[in-house]
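Mind having a look at this structure? Questions to follow.
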Amino acid sequence: MSNPVEEFNSYRARMNDAILADNNKIIKRIFNLDTNAFAEGALDKKTKELLGLVASTVLRCDDCVKYHLEESHKAGLSKEEVVEALAIANLVGGTIVIPHLRRAYEYWDAVEEQAANQ
Amino acid sequence: MSNPVEEFNSYRARMNDAILADNNKIIKRIFNLDTNAFAEGALDKKTKELLGLVASTVLRCDDCVKYHLEESHKAGLSKEEVVEALAIANLVGGTIVIPHLRRAYEYWDAVEEQAANQ
Amino acid sequence: MSNPVEEFNSYRARMNDAILADNNKIIKRIFNLDTNAFAEGALDKKTKELLGLVASTVLRCDDCVKYHLEESHKAGLSKEEVVEALAIANLVGGTIVIPHLRRAYEYWDAVEEQAANQ
Amino acid sequence: MSNPVEEFNSYRARMNDAILADNNKIIKRIFNLDTNAFAEGALDKKTKELLGLVASTVLRCDDCVKYHLEESHKAGLSKEEVVEALAIANLVGGTIVIPHLRRAYEYWDAVEEQAANQ
Amino acid sequence: MSNPVEEFNSYRARMNDAILADNNKIIKRIFNLDTNAFAEGALDKKTKELLGLVASTVLRCDDCVKYHLEESHKAGLSKEEVVEALAIANLVGGTIVIPHLRRAYEYWDAVEEQAANQ
Amino acid sequence: MSNPVEEFNSYRARMNDAILADNNKIIKRIFNLDTNAFAEGALDKKTKELLGLVASTVLRCDDCVKYHLEESHKAGLSKEEVVEALAIANLVGGTIVIPHLRRAYEYWDAVEEQAANQ
């Protein structure tokens, strides 16, 4: 049965495939960079995911927030750590961020629930 | 029976509760400030609601626009006053604001309708 | 039978009518300018549509992207040309643009399909 | 002798003249709209200037803030009223607005000083 | 003797060198993509420069505008063509774009003057 | 003798004092929150500074970037760690971030130099 996490991931995967199949060199390389930039380096994976999450939140991109919430969960970050990052995003980005915070909280619960059911 | 205003308010209330229950000190204080900043002061309530509406519109946050539209209505602002504020937002923020204007007009009608039915 | 392109256009037309009927002089003139700015001039129609598309994409306005995708198609631009413009938007605007790219690809297909069925 | 207000106004006037002399119809009309949108209407001049100020502040445009600070002063708004508007901008737009707040405070003092010396 | 175009290019070149010398793989690849994305393809060089210019203008990045103004001039675009692109940026991005328009006009003149003196 | 770091800090301190002396309750509380949000919690100080840095960079606020660069240095972060965070900001925020990257590199050097001279 479908859930918000699966729905998001399935649409994301389907459209990413369509974009990459289209073979535009610039877009393909940006997609590649996206994978590389969040790999372990001088900063560990957890820190990088939080950086991606905060960048996505202050730029108010719900889909990007969803992606980094799931990645943060996979990387073993706790809800408390994620929420401290979201609080910084809320402060830096202002109350305009609050509607995205609501959807982030909702999605985090869905991510936890899906993980519990696997 | 449900309507766009109730739907928005019910989701907003439910998720605000979830966020505040989570007890992050920074986020809670930002929520508190949000209540204080729009209270009567050197500027009256009506003016402050219009300021919140214009800020929300140029930053293109539909949920924030919805919230301030309903608050503007409750504060006794007329549609003409609200539209003059939206026109400034449209001019300052450009045509990129127009899709948000469409949804604002639609929501204002829903706010008026709901008020008429109470 | 309805499709994504018709749905978007029908909502857009209905709300634009409501806005223009409201008779705010500033908003009406901005709507007028929008028609004039994309008319053939020193730059041809195709180039102007691509400029509108890229501006809309980096500002991450899905409805504006939809509008300019359909206008680009009507102006005779090929998918390859449109995608090169979107690639510049993706590079200039960053990975935060990617979710809007997904929706743009999906909508372009709907535009092509609708054109094929007419 | 020159001061920050005169310097800003002189550069602004000189370049606006250059832009308008260039005779692009779209740009000229946008400049015209800018004058009209802030004229007394259903909302009074003071309120409109505050709306312009808050829109400029959350969009973080220092030159636009300067312009609306001087117009607000001319319209007879007090520092306390202007600061309450800036506080809403700070809350809605977040701490990212603070550097612009610093420059706004500095410029308001220059506006007051220039007015006192006239 | 120095001029605004040389000053900008010299700072830009010096700091780009410092960034690339630092050898961060992600940043280096983004710099590379920047060169590739604006090369002739399905769209010609002139169109791509205008796309870069409009993206930079609506995102209100003065340095990016300067760069694309000089590239547009090198690509043989006329002032009239460049101004039509800026007009679209002004309309889509709103009056908040005007201060950047002032600086763009000023810089275009400097680019033309420098080209005339070579 | 003055340097870029001292100049920035001195202007910042002077104007922050002017703002806080003005006694607007909302603004004062936002300033307070700013101190609290970056204090050690579930996330350590270093991680929080990097979050502030990335948020500031994608929102393209040079003064905020400067502040967090110095705080990052004080917290003991290495240049390599800071640059990995900036690379994520560059990727997420796009090439529009590059001019801010140039200034960030320049300022980091000034921060290191000042620290070496103390």
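A, B, C, D, E and F are the chain letters, set down in written order, and residue numbers restart from 1 in every chain.
One rule holds for everything that comes next: contacts are C-beta pairs under 8 Å (C-beta built on N, C-alpha and C of every residue); 3 or more make two chains touch, one makes a residue touch a chain.
Note that this is a predicted model, so its numbers are computed, not measured.
Annotation of subunit C and subunit E: jointly contacted by A, B, D, F, touch as defined at the top. Subunit C and subunit D carry the same sequence, and matching their CA atoms takes a turn of 180 degrees, rounded to a multiple of 5. Counting the residue numbers used at the interface between subunit B and subunit F, over half appear in both copies, so the two copies meet with largely the same residues. Averaging Cα coordinates per chain places subunit B and subunit D 24 Å apart. Here the spacing of subunit B and subunit E, counted between their Cα centres, is 38 Å.
If each chain is reduced to the centroid of its CA atoms, subunit A and subunit B end up 27 Å from each other.
Residue positions of subunit C touching 2 or more other chains: 26, 30, 33-34, 37, 55-56, 58-59, 64, 83-84, 87-88, 90-93, 95-96.
Contacts from subunit F toward subunit E in the complex involve residues 60, 79, 83-84, 86-88, 90-91, 95-96, 98-99, 101-103, 105-106. Taken in their complex, subunit D has these residues touching subunit C: 25-26, 29-30, 33, 36-37. Residues 58, 90-97 of subunit F touch subunit C in their complex.
Across the complex, subunit F is touched by residues 30, 33-34, 37-38, 41-43, 47-48, 50-52, 54-56, 58-59, 64, 78, 80-81, 83-85, 87-89, 91-93 of subunit A.
Those residues of subunit D that touch subunit E in the complex are listed here as 11-12, 15-16, 18-19, 22, 24, 26-27, 30-31, 33-34, 55-56, 59, 61-64.
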